[in-house]
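By letter and in written order, the chains are A, B and C; residue numbering begins at 1 in each of them.
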Amino acid sequence: MAAVDLAQNTLDGLMIGSSYALLAIGFTLIFGVMRRLNLAYGPTIMAGVYLGTAAFISFGAPILVILAIVVIGAAVVGLYVERLCFRPFGEAARTASMVASFALWMQIEEAAMHLLPRHMNPFPPLLSAPPLQIGPLLLRADHLVMLAATLLIAGAVTYFLARTRFGLAIRAVIDQPRAAAIVGIHVQRVMMLTFVLASAVGGLAGFLIAATDAQVTAMIGMWATTKGLVAMMLGGLGSVKGAIAGGLLLGVLEAHAQWFLGPQVRDMVAWGLLFVLLAFWPGGLMGSKALDRTMAVGRRV
Amino acid sequence: MDGYLITILSNIGMVSFVALSAYILLLSGQISFGQQAYFGIGAYVAGIATVMWQWPLAGALLFGSLAAGAAAGLVGLATLRLSGIYFAMATLAFAEIMRIAAELFVYRRDIGGIESGPDGVDGFRDIRYFFANEFSPLETCLIVYALLATVLAILCIIERTRAGRMLRQIGEDPLLAEVHGINVMSVRMIAALAAGAVAGLGGGLYAHLMTYVEPKSFDIMLGVHALAYGLIGGLGTAFGPILGVLIDIGLLESTRIFHGYRMIVFGGLVAVLLIVRPRGLLDEVAVSRIRRALRRRRDAGD
Amino acid sequence: MLDVQDIVTSYGKIEALKGVTLNAAEGRITCLLGPNGAGKTTLMYSVAGVLKPRRGTIKLAGDDITGQSPAAIVARGLALVPENRLVFPQMSVAENLDAGAYQRRDSAEVAVDIERMYTRFPRLKERRAQLAGTLSGGEQQMLAVARALMSRPRILLMDEPSLGLAPLIVEEIFRIVGELNKDGVTIFLVEQNVHMALKVAHHFYLMEQGRVTFSGEPGKLAEDEVIQRAYLGTSREKR
């Protein structure tokens, strides 16, 4: 029995973890090019999801339209955050950027409350197929879609970074911003577009999460910021691969902790792991090789 | 004075302690997302001391503050060599662990015929020291401000000493400070201890003024707000964070002019303010200008 | 080719360039010598658009480029080999060259140019898949030069290419500078290695404390005096 529980928990954890991984990818991209923390990332996603939910409640919009609204909404709000919190500051004023993004967090959350005042709102489910039975294990169909979508998006982002001209520019800016400017890359434009791209990826993550739960709560902004941050840090800060590993690890860990220790201890385990990792192994999971660089980058926040 | 005003004033006073706590670390160049943990520790420890052990208030507040300082020291041992986002996330992780620990913490005893003490998620209620000893709201408010003034005075004096200058030097460039022979780690440790103790003192006051404290009272929102107050008010002087608290709670929350839209106004305001002044209203330049003006006036008066 | 008129660039209140005027003639090697802190690197970054001058004009082939973005200046045919090389350490040698050609859309021609770079710098070909951060100092310098050439510049700015390199490699770098110039690239070079610089330069300037203090052809001033002033500045001589 215990073996089945372990397997089932791991499976559930991977599914939830895939949503964390998506959040962490967006966070990692923004942190990579900006070298500053965007605390308004979760609320940006929340804004997109809330706009989509409002369209669902008011007009009963079909799910693909809602998807478009969520993604575009998050991208537009992401642009707003970039303009107000990141563009005006040089890298020297990192704290100011972060605090400004916190101020916008508060602002976006309150605006969202005006849009949908109830704590919990319905969201159209992704699909209502019955769970799959694989031997003794159960697998929710929508979870499977989420995992597949995550892998697809992660693959697309990796391909985009590795193979396209704009991806090259992003990597150049992450690697050595001054040299990027010298070879003729519009660093500010790259930063802005990366920000928008990451916000759109976040919107996609938010959509998948809300559709899997078939509901949205007012906590989604805070939730997305903290889960995304923890997953990014666990992954070692600075690579898409690390972000995915960090997200999946966090999901699996939480699933086991919830099963064996209950929901309160679950959160404690995640934070505890992060604390121990940071205090004793600050490079993170994927960090051993890139440690020096990520430390140098991380120090600058 | 009416009760509402006193409540607001007390609130400003109590939050100021956490803002000062975050400010001390900001000066040393460290961004902490976790000063609320020491606020919580101070609140619980001081509350337990007066309620469960029947200690006098002064002893309880001191003990709460020391306990918070000691916790900050232990956390500092593990985290102070980190910097940037690593330090910020480690402190946040610790604060969240403490908050969840408080949700699990149950310590109930029969005190004078009533069962009292911390009760998990429901928090710690009936911390009735002020009520039982018949303090008026005005008196409690005065206690808060007397302690705040003491902390402020100490901070202002320290900032003018060599130690204070060392702290700022480390904040500006830790490597350069190291080269100049400053022991960065020990100065940061002292700053962390002091920051923990200040937050703990604020927590102890909070528990007694509110008569209760719950895990939600010290979640991430308190910590990030505390950080923001320093940057809004300015990092040039210890009055900066207080100014930040005054603007947010004193002006926006209490006057209720933007009721329901406070955060929309406040958030936009802060973002725009930071563009104009990335180190806050009372930044170093503003402070030195004010000091010069004051000196000139004093010289002219002589 | 490059005309700098009365440029003032400052960091905060400190003026690093206090009105610099010089020019680099087409098809020639112009060299800028001077002690540390004279403002040479500041001048390079000002010309390349990374720093914005407060006053003065910079003209490239007759067009005013003052205050334009680095990207716009690269597009006009200027490339910089920056101080300390600044390769992209986490990217491969080949990707560094790709980044150098970022503004070009003629991918077939870019591929040809990359092969040309490999012919000119065989070491880079050997290490094409290696991360640039793992290269030796000399190899990184070659890469920085090759990366700059990938934009097919009309004028190449080089900021202390010999810094921290072994004498044999310095010789190699200067041999390449001469070759590039023979191929028609105008070169504007900042150097500390006076001896090597005077060997290749057609014209040189001396810069001290944010000002140009001498302009002439090699041989106009005894090498000893140039060395004296380039390393120590005139201020000490006067004492």
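In this text, a contact is a pair of C-beta atoms (placed from the backbone, for glycine too) under 8 Å apart; a residue touches a chain by one contact, two chains touch by 3 or more.
Note that the structure is predicted; figures quoted are calculated from it, not measured.
The most centrally placed chain, judged by C-alpha centroids, is A. Of all chains, the one whose CA centroid is most distant from that of chain B is C. Here the largest set of C-beta contact pairs joins the chains A-B. The distance from the centre of chain B to the centre of chain C, each centre being the mean of the chain's C-alpha atoms, comes to 52 Å. Mean C-alpha position of chain A lies 42 Å from that of chain C. Chain geometry summary: the mean Cα position of chain A and that of chain B are 31 Å apart.
Put simply, chain A touches chain C in their complex at residues 165, 168-169, 171-172, 174-176, 178-186, 290, 293.
Considering their complex, residues 31, 37, 39, 84-85, 88-89, 93, 95-96, 98-100, 102-111, 114, 222, 226, 229-230, 233, 237, 264-265, 267-268, 271-272, 274-275, 278-280, 282, 295, 298-301 of chain A touch chain B. Touching chain A in their complex are the following residues of chain C: 48, 50, 69-71, 73-75, 79-80, 82, 86-91, 95, 98-100, 102-103, 147-148, 151. Every residue of chain B that touches chain A in the complex is listed here, in rising order: 26, 31, 78-79, 82-86, 88-90, 93-94, 96-97, 100-101, 103-104, 220, 224, 227-228, 231-232, 260-264, 266-272, 274-275, 278-279.
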